[in-house]
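You will see chain A twice below: alongside chain B first, and alongside chain C after that.
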Partner chain A sequence: MFTFRRIALLVIALAVLGCLGAGGLYAFNRVTYANQIAETTVPAPTADQIKRGHYLALAGDCVACHTAPGGAPYAGGLQLNTGFGIVAASNITPDRDTGIGGWTTKQFILAMHRGIGDHGKRLYPAMPYTAYAKVSDADLTDIKAYLDTLPPVNHAVIANQMPFPFNIRLMMIGWNMLFFDFGGAEYKADPTQTAEWNRGAYLVQGLEHCSTCHTTKNFLGADEAGKFLHGTDLDGWWAPDLTSNTRIGLGSWSEDDIVTFLKTGANDRMVAAGPMAEAVTNSTQHLTVPDLHAMAVYLKSIPASDDTGLTPVPPTDPQMVAGRAIYGDNCAACHVLNATGVPGMAPAFVLSPSVQAQNPENMIRTILAGGHVAVTETNPTGAAMPAFDWKLSDAQIAAVTTYLRNSWGNAAGPVTADQVAAKRQQIGARERN
Partner chain B sequence: MTSPIPRRDLLGTAAALVGTAATLPVSEAAEISGHLPWSASAGTPPPAAPAEPYVWEFFTADEAALVGAIADRIIPADELSIGGKEAGCAVFIDKQLAGQYGQGTNYYLKGPYRPGTPQQGPQTLETFAQRYRQGLAAMVAYCASKHSGKAFIALSADDQDALLHEMEGGAFYTGPVPSSVFFNQLIQNVREGYFADPIYGGNKDMAGWKLLGFPGARYDYRDVIGRRGEKLDLEPVSLMGRPGWNPA
Partner chain C sequence: MAMKRPKADAVIIGLGWAGSLMANELTLAGLNVVAIERGGWRDTSGDFPTSMDTDELRYATRRELLQPLSVETMSFRDNPSQSARPLRDFNTYQFGWGAGGAGSHWNGMTWRFLPNDFQLYSNTVKKYGANKILPGMTVQDWGVTYDNLEPFYDKFERLAGTSGKAGNIQGVIQPGGNPFEGARARDYPLPPLERTQAAMLFDAGAKELGWHSFPVPAGNTSGAYTNPLGVHMAPCTYCGYCEFFGCGNWSKSSPNACILPALMNRPSFTLITESEVMKVNLTPDKKLATGVTYVDKSGREWEQPADIVVISAYQMDNVRLMLLSGIGKPYDRASLTGVVGRNYANQTIAGASVFFKDEHLNPFIGAGALAQAVDDFNSDNFDHANVDFIGGSNMLIHSTNGRPIGLGNAVPPGTPRWGSAWKKAYQESYQTANSIYCMGSSTPHQDVFLDLDPTYTDRFGRPLLRVTYDWNENDKRMAHFIADRSVEMGHAMKASLVVRSEPTAKPYSPMDNLSSHTTGGAVMGDDPTTSAINRYLQSWDVPNTFVCGASAFANNGGYNPTGTVGALTLWAAEAIKTKYLKSPGPLVAL
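This part shows the complex of A and B:
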């Protein structure tokens, strides 16, 4: 018969074992880390290498996270809301005290490939090492060579601002075992595909880390198996489906549509806004057209996500009738009554994947708060959408969104006033006048 | 030779200008690239439509009743549309007088003071709020003297019209200016109230726009521009929408 004492003993024994295990793991961690980063002399990087490194750093869009709003580029400090707590991006300028100036190239590669930082400290996967694991040693060596040429900025960042228990970095060892260790490896070319396809896959899966935003996440924030680029919510924005799904993905886009979108921030059908505008401005616009085309070829080859046919809401529905009136009076000046839009400026809504997205939050928030098209070298005066929060009620925005989602060949679920009210509150939009 | 501007004034102004030039700030022009210096919600939205029941902000209850009655004689209700009072013209004027318009904030009210020409627009130091306060008081007094103590609102429509005609002819003074000036001000403001966007308090249910066939604050006519000579019957749109925007 179990007595209280026996249970207590058992608990103590388990606790001791646990502590020993954690301590051992920690010690092992420190020893292996020292071995992993031990480096012999490395030849000084060539100018060409640094140039390549710069290009690759742009492809990786390091600057997006490793720069605080208004702060020095690459000096860190941006707070990322992971859903589990705040992680601040680190300083990756070559400052020896607060940046990565003292790091060896091997140390850098270990962080990028395995998520193991200074002194064996586990990084949080907010830093997408799960994607960067695909990047070759040679490319990472060049990126480090480029980062070493940046002006060192002394800027100490408190990276770990997670609440307990997520602030225990060693927990990431378990997370990696579950979601990363068996899959995370350098990109292996698929010999059955073309060199261009492989280049595209390397960029999409690796440096461009598209899956970080566009892949459905499980309850622990890891990519859900079998949902690669199926679209997901990211901090109040919907990162859309990038599979070949013709209704909600890239199935109806040509390779050139994708290239133009990533190069200029807009194409004849759609514009990049929100977080994607930043990705285009900071990263994809700087890629060469051959690299972008390779990405397009690869993206177009991703099998379509599952999609059940939907019947559009009938035009006689009260939401559709009101939505049509609102659209004609407010939206048609730029988006045109037959929804053909203005190429490169105002998105078209005919058979539109973004309009039909599983989650209508991008449209709701853009109608509420307005938005900006990505500013690029080819499109330097990115168009803007005005805010309608002061003008349209929740029911009216729900009606016009429902109308968009079910007109011009689109078919998608209706939107409720409650959804709009929640979004209005979430993004701090104004109340209607 | 006489100069329209005295020489001493001119010299004084020139000296002041030289003094200003020396202290002008360095140009703040900047080259902008990589982003647009504009945010979608930066602008101030137009004012919200007045709440019901309306609480007078500038007029006393008596003044409000008087302005309503005047508005109903300037734009009387008929078989085509509602009158000025029901359209909310007094509410519109009240809101204007309580705000920047009433304080004359967009007028230059500093010296030098000289009589101007009619082409130069209003040449007075009194604000529109003061003009209304003085003008309505003078009107009350004039009406009482002409109609043995009766108030304007108690007169018959014909008597009201007759009094307004006298006012138009400058029969009495409203503060420093003849009553004709105040009369023209009333005509102007009642019209504005009848036809301005309903968010400003008048033009109830866009009655003024429906009367004219004005389609309101629409952005785009490309889909109807080809339909020449045809009555379009477009429902007018206020800055805050129209009934058709609400899901039934």
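This part shows the complex of A and C:
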């Protein structure tokens, strides 16, 4: 994905900036900031604080990255494929040797706000400190108070598994200078907006760190300017547009649609699957309805991304004709012939933002490998889409995906068999029988 | 030396409907529950994917989801003078295997027994005199009434997502429902399924005869549904592949679809699969259970200690586990004493095949419980003063299993069994044939019972269960009567050919696959000399052991048993929660 020339340029740029930063400006900035945080004389946390901290830790979805598959919660070890190499999430249980048991609240806030870890070690932005920088000191203090109540787990994690040159942590100083707005980091309420809107913005931009997945990254992995929540590719999944775009974003969803989706993992039109299912199961379902509603109010206020009108592929197109037949034979039993779906189980396809997404990869990979609907307290069902990789050819999947993207009021680019073949290879799906 | 697991509040043997419902209730009550299931884990979406062809040979003919004979069989004889032989084909018997048990591969007819079924003895004596009951019959009341169970039938229907039409809401007869049913608090959670052409012909026939036709209550969803546990179900697609199949479409009431998604998420619940319980362990004085011993799939022996033991395997296995564990006195035919194995019953079957001319019944449109029925001749819904039997039968026409192999024999009598003449007849019959199925009550008799086989043993060296069963005179008379009624129905439906069927005219054979609905053997009641468990399904002898399932039925009604299994289990669970946990000990004083 990166040419040698680009990598070379990148290394030089970051090294120069890193040296500059380490030697001067940035060190000053860091020292100044560190001194602003109250010293470690934090009073013993109250039960209420710990409870709040638990809630906020759920909102931050810390457990998602800081738990290895089958491992102890918060004990770290999950390997994150950043596109630059592997970063393993650290152990954040209060174990003194391998976790953050020896950390002061101040150190914790420094890591969350500035990406500065133990002994000044630079964190990679896979840890979304650019988002957590928005979170108030009070909230972070409570999160630390909660984490301190967890059972300490002795589990050493080798966090930095990046290849050279990305394994040079000091480069992150340069990265931060380029992409991290220290001055504007902490969330500042917009006085022209309601308290609810501000609460929503605080959660969406901060703890929930939605932009980590839903905003396009530049070639150095930082949020691309002017593309906030416009949707992007995420390690083979498409994290959809969350702006008010009515065709591919949340423009056609009501605030209640958003709340229901985040609370239960599904609404009447859509289900959460893939990485979003995990986000709902681990995080958003635990948020209160007022907090979710605040997020919905804020999300609905984000201006629509640009969208040029598309003409649907005509029903007479050979792909459409084949796709219609494949849909009737393989999909209609659950998604219903008129594509209205089953609430909480099988998504509807009528005027569907996810079906029309700029990139059809979610549909292709779900048809190939299947998928599970988020499991939540309110919807424990766990309905699943079966895999069709063994059953449908690349051309058949391309046809049915094209048909879905251009029926029932949808209009989106056709899908080719080559796209399906590439996805089949990328996710290790089976060949057709 | 058995390895020992940490003690649980309750251990549940078998995770079918009864085990799942009990585990759900007990975990909701705050108990730490361990369930041990002989078969494997079965997931609705993962194990029954809708993308797979419904393979009739694999699942219906070879019964891949059912308990295999390689695990265990049982021995059978018609009467006590014969010597029993082990079955080499389960045929009529269809035992669950795996999480969900038989509840994952059943058809879904979700009946409530009639009020009379629970008080068959006292009602008969009161209305017709004690002589109405033929000698040798061991008819007795259940110790529980329909009114006791009504809230629990209702609860089960809500959990299961039953589709149907009420016939009696709080005493008010509802048009289109079953007017003979016991009063219900409210209607079914879902409206009835769509009707097929066969159902409409049946309905027209019933109207002509003055009988009261209604849609059979179905564990097949007529629409999208969310149950009280928050589990979603999707509308049935009428594929007709219910019996012997799991439903990956989330449209069939089953533990897998309705209970397990919520249950499996609870940290207080543990499921151990592919592990077989050897016995319930008792204290030396045999007055209390201490837990169970089981063997895991690697052959290692484990002990699972628990304060409460719930036996909720298949009806036959419940009885066998009690006998193997020494819970309750075994029934002894010679002295007519003992209770475990007593009052075994089956289902009394009769009916008629119907063939039409120029009809398109489209049997490929079906569902496991898509049927139209009349109850005019069930239980005591009609006056028995002028007939020489008690009990009766439901009568229905069923639109399901429109499967190419299974319907191969549904050709007019005299058709060759193979070759071009058979093919021609089958082509015609596939669209024009169906049958009127009468699912009759089965009354208990002293010559019908379950005990441990004196000769044959299982893979662990434990005695097999021995079944001694034949139709009794009362039930044969009932079947003769109801077969006549089904012929009347066939003619009223304007069938061009009606073929009467009365299987009870010859000795019972488990190789005829008439009905899998076996009941009794560990029956509930008010008298410990005639019942193994009290009205709360609690062992009279070992009060921290509860035995849930159709094994509790004192007699079998003219319906399939699942609705009543569900209601009884929820009734027992309520008693455990509200009475037993507060004061562990016998819930019925002697």
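Criterion: the second predicted complex is superposed on the first by the 390 of 433 C-alpha atoms of A that agree within 3 Å, B and C clash if a C-alpha of one lies under 4 Å from a C-alpha of the other, contacts with A are read in each partner's own complex, and residues count from 1 in each chain.
Heads up, the rule we're going with is that a residue touches a chain if its C-beta (ideal position, glycine included) is under 8 Å from a C-beta of that chain, and two chains touch if they have at least 3 such contacts.
Everything quoted here is computed from the prediction, not taken from an experiment.
Partners chain B and chain C, brought together by superposition on chain A, clash. Legend: residue contacts after superposition of the two complexes on their common chain; A:Val63 is shown touching neither chain B nor chain C. Contacts of A:Ala325 after superposition: chain B is touched, whereas chain C is not reached. When both complexes are overlaid on chain A, the residue A:Ala387 reaches chain B and chain C alike. Which of chain B and chain C touches more residues of chain A is settled by the count: it is B. Applying the stated contact rule after C-alpha superposition, one finds that A:Ala333 touches each of chain B and chain C. By the touch criterion stated above, A:Thr378 is placed in contact with chain C alone, chain B being left untouched. Contacts of A:Met345 after superposition: chain C is touched, whereas chain B is not reached. By the touch criterion defined above, A:Ala422 reaches neither chain B nor chain C.
Of the candidate stretches 150-158, 420-428, 456-464 or 492-500 in chain C, only 456-464 runs into chain B once the two complexes are overlaid on chain A. Residues 330, 333, 370, 372, 375, 380-382, 384-387, 391 of chain A lie in contact with chain B in one complex and with chain C in the other. Contact residues on chain A toward chain B in their complex (touch as defined above): 281, 318-319, 321-323, 325-326, 329-330, 332-333, 336-337, 369-372, 375, 380-382, 384-387, 389-393, 395-396, 398-399, 429-430, 433. Residues 33-36, 38, 40-41, 45-49, 199, 218-220, 222-223, 237, 239-242, 244-248 of chain B are the ones touching chain A in the complex. Contacts from chain C toward chain A in the complex involve residues 44-46, 49-52, 224, 226, 229-232, 234-235, 237, 239, 248-250, 261-262, 265. By the touch criterion given at the top, residues 330, 333-334, 342-346, 370, 372, 375, 377-388, 391 of chain A touch chain C in their complex.
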